[in-house]
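In what comes next, subunit A is part of two complexes: it sits with subunit B in the first one and with subunit C in the second one.
Up next, the complex of A and B:
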């Protein structure tokens, strides 16, 4: 409860800070929504010509792209530093968070808001509404699925970026993993054979960010909800474990850092 | 000649600089491998479902090599707009503007210096992946024939990106414009789907735009290196280069009058 209050206080501060530059904030939010619409036009063109990919049609793409965008947006908005954690570790900028009496990982990742994330988050809901699958209970499932997908995504970012404790700056590798996660998450899962699917549920859990949440949104089953919950809890626990394991190896040059 | 050698030196320095961290350079280029693999999965299933060997003159084999070159052009280009925007935001533009060189030519020389090795590595990794997936290109000589169009594509990218970067003189943060430009490149440049697979009306419209000259043209020329396509691609590309260079020069002159640098 105490940590939740702390988180809310950080998010409020981040929001106030982002709203200080209101025009830039709005440009980024609207720009990202427009950007996503334009990108999705490619899939409309594709499915207009080829109709479906092994049973996967444009309506499924709306849902998959929507939940992926919303979960990506949620992590960008609320835990913006998950994208740059390896740099923070490698450059000794964890010193600041270590010196304060709050959970280091939570404080670090929540200390930054990426304004464009709001655009992604909102676009996801618009995409779902346009999918043709819209129902009110479906909308509730969409919100839950986006939350669980965001947990998997955030945990995956923490995991890959925490490798910086062992290998130094991992910005290229983590960038590669981030792109792989988004790319594989967005394409129809019916494209992949069973070996590829195994990878998409484990090493690069893109299926837990795109196809599986989309399946849950289209129709409720306990089995799919169980997969999502298990994936979210499992990856989050692993990410926290790896981060703290790495933190024991952390050292810095006591550089003076100013956190803004 | 002396003027040219100045920019040649800037180009060389950036080129050598880009080799200073070979691991980083190679690491960035690895992304093309999963891209090509996923394109292979998508188009293999699509061609099978359509039950045809070729669509609008492109086989699966051609489509993969086309996409490899399209990705190489796109992933090879440096973030010019973002760099220029950063220069404006942190005030370092004041130091660049008062140097004895033309601002735009300086930016062009550095951009090209950053592009060459980045694109080469993307072509190597992407080429090896496609070679493993579908075999050698049908017209390997197509790469040499498409080379002038590839260079022209980078010039076009520079002109558009520099115009976006110059908008930082007015709005400071240009990220929204760069995202939208990138997505227009995806759609009208034929980066994920070759323009030949579009509906006829959209094909005609898209093929006339500068985005297609910057991606589709060179990539199509690579897989179908005929004299007719070469002439069409180069004519349209040169036309757009002239128009966009003119617009860029005007935008730069106007932008300078609005620039305010605080500190730096």
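Up next, the complex of A and C:
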């Protein structure tokens, strides 16, 4: 409860900071919604030609891309520093968070809002509404699935970026892994054989960000919910463990910082 | 529970450091592309001892200066004392807590300012950061506002609180930074180069406010600085470090007494003088038709003998006797430690 109050305070401050530049804020939000529609047009053209790929049609793509966009947006919006954690570690900018009486990982990742994340988050819901699968309880499942997928995604980012404690700046590697997550997350899961699926549930858990949440949204089953919950809790616990293991190796730095 | 001071906290001692050591592993690479390729295949590392077997104590409410040249280990020490860095070996207690183990609990009772690392949100007015800090330190809004009022008056920042931080001058920003670090009524303030880059007036503002907080609230201050002026204006005791080790530790008054034995004398005469000013043990720095500037060591040449020699030359219109700048003294201590 104490940490939730703190999180709300920091999110409020993030939002105030993002809205200091009103035009930039609105442009990013609207721009990202438009951007996602343009990107998705490729899939509409694709499915117009091929109708379905191993049982996946354009409606499934609407749901998969929707939940992927909303979970990506949620992480960008609420935990924006997960994308730059490696740089923060390598440049010694954890000092600020370590000097305050709050859990350092939570404080660090929650201290930035990427305004375009709002566009991604909203677009995901629009995409679900357009999918043809819309029901009210489906919408509630969409919200829960987006939350769990966001947990997996955020935890995966923290995991890859925390490698900076051992190997110095890992921003290029993290960028690569981020792209892998998004690329594999959008592909129909039926395309992959069992070995590839194993990778997509473990090393690059893209299936837990796209295909599995999409399956849960289309139809409720305890089994799929269990998969999602297990994935979210497991990856989050692993991310927290690796970050704190690395924190003991933190070396700070003497770079002059101009702003936060 | 978090806000209660550690039960074993000795009320008289704020900081107790014993044989504290910090070694960093640094990657070595020869210059050029071939060096980069070699480092890629077979990286070489060397150990750099930033802090070497450091031991000292700081009393509660004390104003302690912690000074040294670049790379002396000052910031590394402060970072270990706040729990930011884990030491390689040794022990430390700050307000009864082991900083790197009890970091969160300790943070409720200390304030930190890193002159090169701003804590105020850049795009927002300082007031927003103050209110956020109130939430971070779990103060209720009424208590936070009351405290802000007090700090506003102490640091003279009333006109600055509603201006986005990016629009403040460095001096104005630093006043807000130090005020923010005092919002939660810390028992101890750790200041790492708070006056870096500030002009004389801004430095004076910050020094006055810190002195006031020390007198009114009994806040202990551990201050690292390159500026000997900070030391003279604020600190009662000084620790000088070089290469991660203490090279001098004493009261500032003793530092002056022991090392400020050289005096500079400047005299102006009413009429032109042509006397030879050379005296044994006295160095003539400058001589003119109407005046002279001399330097001498008071342990070798008594002050009165120099004055009487100068007064024999003619009617003195003006005389100034001064100490050399403290910076010169500190530099001498560094050189002696290096020798």
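The rule we apply is simple: the second predicted complex is superposed on the first by the 254 of 260 C-alpha atoms of A that agree within 3 Å, B and C clash if a C-alpha of one lies under 4 Å from a C-alpha of the other, contacts with A are read in each partner's own complex, and residues count from 1 in each chain.
Criterion: a contact is a pair of C-beta atoms (placed from the backbone, for glycine too) under 8 Å apart; a residue touches a chain by one contact, two chains touch by 3 or more.
Computed from a prediction, not measured in an experiment: that's the story for all the values here.
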Touched partner set for A:248, first subunit B, second subunit C, both or neither: second
Which of subunit B and subunit C A:22 touches, first, second, both or neither: neither
Partner chain(s) touched by A:95 [first = subunit B, second = subunit C, both, neither]: second
Which of subunit B and subunit C A:38 touches, first, second, both or neither: first
Which of subunit B and subunit C A:187 touches, first, second, both or neither: first
Shared subunit A contacts, counted only where both subunit B and subunit C touch the same residue: none
Residues of subunit C defined as touching subunit A within the complex: 2, 24, 75-76, 79, 82-86, 103-105, 107-108, 112, 114, 116-124, 128-129, 132, 135-138, 164, 166
Complex contacts: residues of subunit A adjacent to subunit C: 2, 5-6, 9-10, 13, 16-17, 20-21, 93-96, 98-103, 248, 250-252, 254, 256-260
Partner subunit B, residues of subunit A touching it in the complex: 24, 27-28, 30-32, 34-35, 38-39, 41-42, 45-46, 48-50, 52-54, 116, 172-173, 175-176, 179-180, 183-184, 187-188, 190-192, 196
Subunit A-facing residues of subunit B, complex: 23-24, 27-28, 30-31, 34-35, 38, 41-42, 45-46, 49-50, 171-173, 175-177, 179-180, 182-184, 186-187, 192-193, 197-199, 202
